[in-house]
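Shared chain: chain A. Partners: chain B in the first complex, chain C in the second.
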Partner chain A sequence: MPKKVENVGCPYCGVCCDDLVVTVSDDGKKILEVENACAIGNQIFHHATGGERIRLPRLRQPDGSYKDISYDEAVDYAAKVLHNAKKPLIYGFGSTNCEGMAAAAKVAEKAGAVLDNCASICHGSSFLAIFDNGYPSCTLGETKNRADVIVYWGANPAHAHPRHMSRYSIFPRGFFTGKGHKSRKIIVIDPRHTDTAQVADIYLQVKQGYDYDLFNAFRTAARGHEIPKEVAGIKREQILEVVEIMKKARFGTIFYGMGLCHSDGRNHNVDIAISLTRDLNDFTKWTIMAMRGHYNITGPGAVWSWQYGYPYCLDLTKKDIAYMNPGETSSVDLAMRDEVDAFFNVGTDAGAHFPIEAVKHLKKHPWITVDPNICMASEISDLHIPVGIVGVEVPGIVYRMDNVPIQYRKVIDPPEGVISDEELFERIHKRLCELEAEEAAKGQVKAVPEGIRAESEP
Partner chain B sequence: MANRITLNMITQRSIEEGVAMEKGKTTPEYFEACSIIEMHDDDVKALGLVPNQLVRVTSECGSVVVKAVKGRQSLYPGLAFIPQGVWANQVVPPRTQATGEPQYSGFPATVEPVNGERRKSALELVQGAVGLWRGDQ
Partner chain C sequence: MKTVTLTLTNPSELLLEGQNITPDNFAGKKAAEIAALDVWEGKQKSPLGKYFTVEGDGGATAAETKIVLRGDCTRVKRIGQQMTAGEIVIDGNADMYIGGWMKGGKIHVKGNVDSFCGIGMEGGELIVDGNAGSHLGSSPRGEWRGMKGGLIRVAGDVGNDTATFINGGTIVIGGDADIHVSTHGEGGIVVVKGNAKGRVGGQMVKGDIYVYGTIENPLPGFSMVGEVEQEVDGETARFAHYIGDLGERHPTSKGKTVYANIYTRI
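Showing the complex of A and B:
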């Protein structure tokens, strides 16, 4: 008899819906039905058992084709690539669990690699702004239960976080927001009249790339100073109207997205958004939150900050000294300057989502993809290692976009023989240690530049 | 009627791209969801395009052929949109303003109608860029 698994977490976006109900066939091998998920989450579960999966690592042959190899051979190949590279880059982690991220960090430290995650091309600007200016944020539960004014700025949850509005911001009835949508004002600010803008009470069509100017006008108006007749394509009267709504709110949250981080200004756009939030706290309670993309892209920031003190763009090439400097140690910049000589694509698809120029640079060197599925990265790799799908076949901890950790469960077993990211990286780490020991026995220990080890170390 | 116009390009997620991506980037759904461009009617008229006509989009770092479609989410004149993904990233400049983040949104791109050309598949574009494309597989 088919089995229903309740309270399943969704491995798609940063909303981390944990109310899915998944029906699994009586032999436990096929996903029959997924309830409560959005169109994208639904697809992830059905895709897991709906078609052919890659069950063995595949190694690129001289004629360009792939040949199946064993996991032991793949682990050996991957470890040797890392061992022989001067500065390998291990990037991705949008779609895996914290256990896998911690294991990968062990590998990066042992190999002397640069360790980076998808925030590098997504909300990395937010980290920079938060370092500079703080993060007056809250949990999604607080927004649901308290907020009567919601701002979506440069974010389009109707497409990118399909259940964000129904679970946390616009529609739900919370403890102090019993009237749900009726008791809330929704403000959407975006250059496009998006599907999210369709549900707004007020929509401001900001001129693309001029968000900073508009934030500045909001701050100026909130302090009672004069502003020009028009700023960033928005009339003064509209700006004043929105500022008044914000000042009179009981509790407000600004959710912002890639419209700020991908446009001119980057971290400065986020910086001034945080400043506006702080200013508004002179009048009432306001909070701000980054619309983090993948379900556990908040995870590497949490895990690696705990391990090394930095959330992304981690240069571990000196092994016992962690260093971070986006622009220098960020994946796309490293690629464009040809500063790395091996690339690990883990739980993401740099082949599809990096600018093609960066892909071309990275492909000059060994490229290894760790991912359950066929993607652009896997199809240009030298080695593709399949792993189980977190949240479907592999349990683990993930961090929601508001930094709340959630324990995800699995609903089916991975295809026979397919291992998890965590197990894979533990095995690569073990093999790296063996390679180091073999070299040490031969007296060929990798030279470490003088002056970078702690003095107390022998 | 202009032969080509320069627009301000943005590339972001669409739900069609998200669903198709999870189904697989080699599927027809992903191809149809991502190999498109949306523009304002004024710009479509300026180029004299008929619905679903193919256009070449060229930026400072590359060029790609996509299909001009009428989107549900409207833009203002001068602004254009390609969903994030393989086709968008043929023209996204890798410059990062020292943050690590490429210029995914807000870069100039020229758009011109093409005849006798076709949209390339995702695999052809990506494998072709790195010398691995071996013809239709």
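Showing the complex of A and C:
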């Protein structure tokens, strides 16, 4: 009889829905049904058992094809690449568990690598703003139970975080918000009239790239000073109206997304949003939260901050000191400036997400992808190592977008022989230690990695 | 003053980190000892002599030591970082962090520099004949006490985020400035002799900004209060005077609120 597994966490977005019910076939090998998940979360579960999976690491051959190799050979190749590179870059971790991230950090430290996560091309600018200006945030539970004014600024949860509005912000009935949607005011600020904007009470169509100016106007108006007739395409009256609503709220939350992080000024847009939140706390209670993308992209920030004091863009090349300066030690900058000579893509798809120029620079050197699936990065790699899917086949801790840790469980076993990220990195770490010991014993010239690199230059 | 000439003869594959190239580290050392100082290429630590030929000995103290860099140093970072005295002349371009956390002495770059030059500067002079990248004279990440003193002079254009969290000192830019000048500033003077693109003085508490050209997108938080005649960088001119950022907190001094000032030339 098929087995129902309840309270399953969803390995898709930063909302980390933990109310999924997954039905697994009697032999525990196939996922039959997924309840409560959004369309994308649903697909992630079905994808695990729906088609053919990669079951063995694949090494690029001189003719450009892939050849299956054993995990031991893959671990040896990866360790040698890391050992021989002057400045390897280990990037990704959007979609794996904290245990895997901690193990990868051990490898990075041993190899003297730069360790970076997807925040580097996503909410990294939020980190910079938080370093500069603090983070007056809350948990999603507080928003659900208390908030009567919600602002979505440069974020489109209707598409990117499909259950965010129904679980936490607009629709749920909470302890002090018993009337649900009826008692809440929704303000959406976005250059595009998105699907999220359709549920808004007030929609402000800010001129693209002028968010900072609009925040500045909000802050100036909140302090009672005169503002120009129109700022960033928004009329003065509308700005004053929204400021009044914000001041009179019982509890408000500003959710912001890539619209702030990836338009001109980046961290400064977030920085001034934080300043506005702080200003509003002179009148009532306001909080701000980054709409983190992947289900555990908050994880590497939490894990590595605890390990090294920095959440991302960690330069561990000096081994005894961790250094961070996005703009210099961030993945895309390192790639564009030809500053790294080996690339590890873990649980993400740098092939699809990085600028093509950055990919071209990285492709001059060995490129290793660690991912359960076939993606653009896996198809241009020199070595592709498959691992189990976290949240489906591998359990572990993940951090929700509000920095709340959640224990994810597995619903089925990974395909036979496929290991977890954590085990893979522990094995690479062990092999790195062996290589170091060998070198120390012999004092010899560094070994050349076995296997042959792809000839194809991009 | 004794001169040490470094010539880059064997460029690195990756970028070179030359935080040891300062008069402070060269003082009291013979040429051979200087050649043995560490530089980093990724995780590889090597002697300076692997990449540069070293001619001349250092002076007795940092103040008596002059360093001349020849060859293409476009991919050498951190020259003159944390220097306290003496002089560095870079004949061409240089990479990031030139004069970062500098406390004294003088650096003259005859070409362009990349980002983060003069960050966290406390004193001394950084002269760039070409252009500078982003974060010129800015504060290091997360540091809310930025540039405290010294002079930065860039003849050409600069990137974005100039003088973030500036607390003191002077930055003179001959050309144009990209977005964000003196964001979060709490003092200091920034002079932009060309045009500024926008977000000039955002979240600024105190300090002065002079823009000779135009500000493409002035912030709504600044308000014009009058016209003044002022002497800037050795010349006197009339300026329109704006105060702000009215959206930001401001201290009071002798019963009066202290604002940041933007002056645009009339």
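One rule holds in what follows: the second predicted complex is superposed on the first by the 443 of 458 C-alpha atoms of A that agree within 3 Å, B and C clash if a C-alpha of one lies under 4 Å from a C-alpha of the other, contacts with A are read in each partner's own complex, and residues count from 1 in each chain.
Operating definition for what follows: a residue touches a chain if its C-beta (ideal position, glycine included) is under 8 Å from a C-beta of that chain, and two chains touch if they have at least 3 such contacts.
If you're wondering where the values come from, they're calculated on a predicted model, not measured in any experiment.
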Combined model on chain A: chain C and chain B, fit or clash: fit
Which of chain B and chain C A:G327 touches, first, second, both or neither: both
First, second, both or neither for A:S263, with chain B first and chain C second: first
Touched partner set for A:V359, first chain B, second chain C, both or neither: first
First, second, both or neither for A:I419, with chain B first and chain C second: neither
Contacts of A:E226 with chain B and chain C, given as first, second, both or neither: second
Partner chain in contact with A:K87 - chain B first, chain C second, else both or neither: second
Partner chain(s) touched by A:L128 [first = chain B, second = chain C, both, neither]: both
Residue contacts with chain A in the superposition, chain B compared against chain C: B
Touched partner set for A:A217, first chain B, second chain C, both or neither: second
Closest approach of chain C to chain B (Cα atoms, Å): 7
Doubly contacted chain A residues - partners chain C and chain B: 128, 264-265, 326-327
Contact footprint of chain B on chain A as seen in their complex: 12, 39-40, 43-44, 47, 51, 64, 116, 120-122, 124-125, 128, 156, 158-160, 162, 191-195, 197, 205, 208-209, 233, 258-259, 261-267, 312-313, 326-327, 330-333, 335-336, 349, 351-360, 363, 373-376, 379-380
Chain C residues within the chain A interface of the complex: 13-15, 40-44, 96, 115-116, 134-135, 140-142, 144, 160-161, 165, 179-180, 183-184, 198-199, 202-203, 217, 219-221, 223, 245-248
Residues of chain B touching chain A in the complex: 8, 10-15, 18-19, 21-26, 61-62, 72-76, 79, 81, 84-86, 89-90, 92-94, 96-106, 122-123, 125-127, 129-130, 132, 134
Chain A residues within the chain C interface of the complex: 85-87, 111-112, 128, 131-132, 210, 212-213, 216-220, 222-223, 225-228, 231, 264-265, 268, 271-272, 275, 279, 317-319, 324-328, 337-341
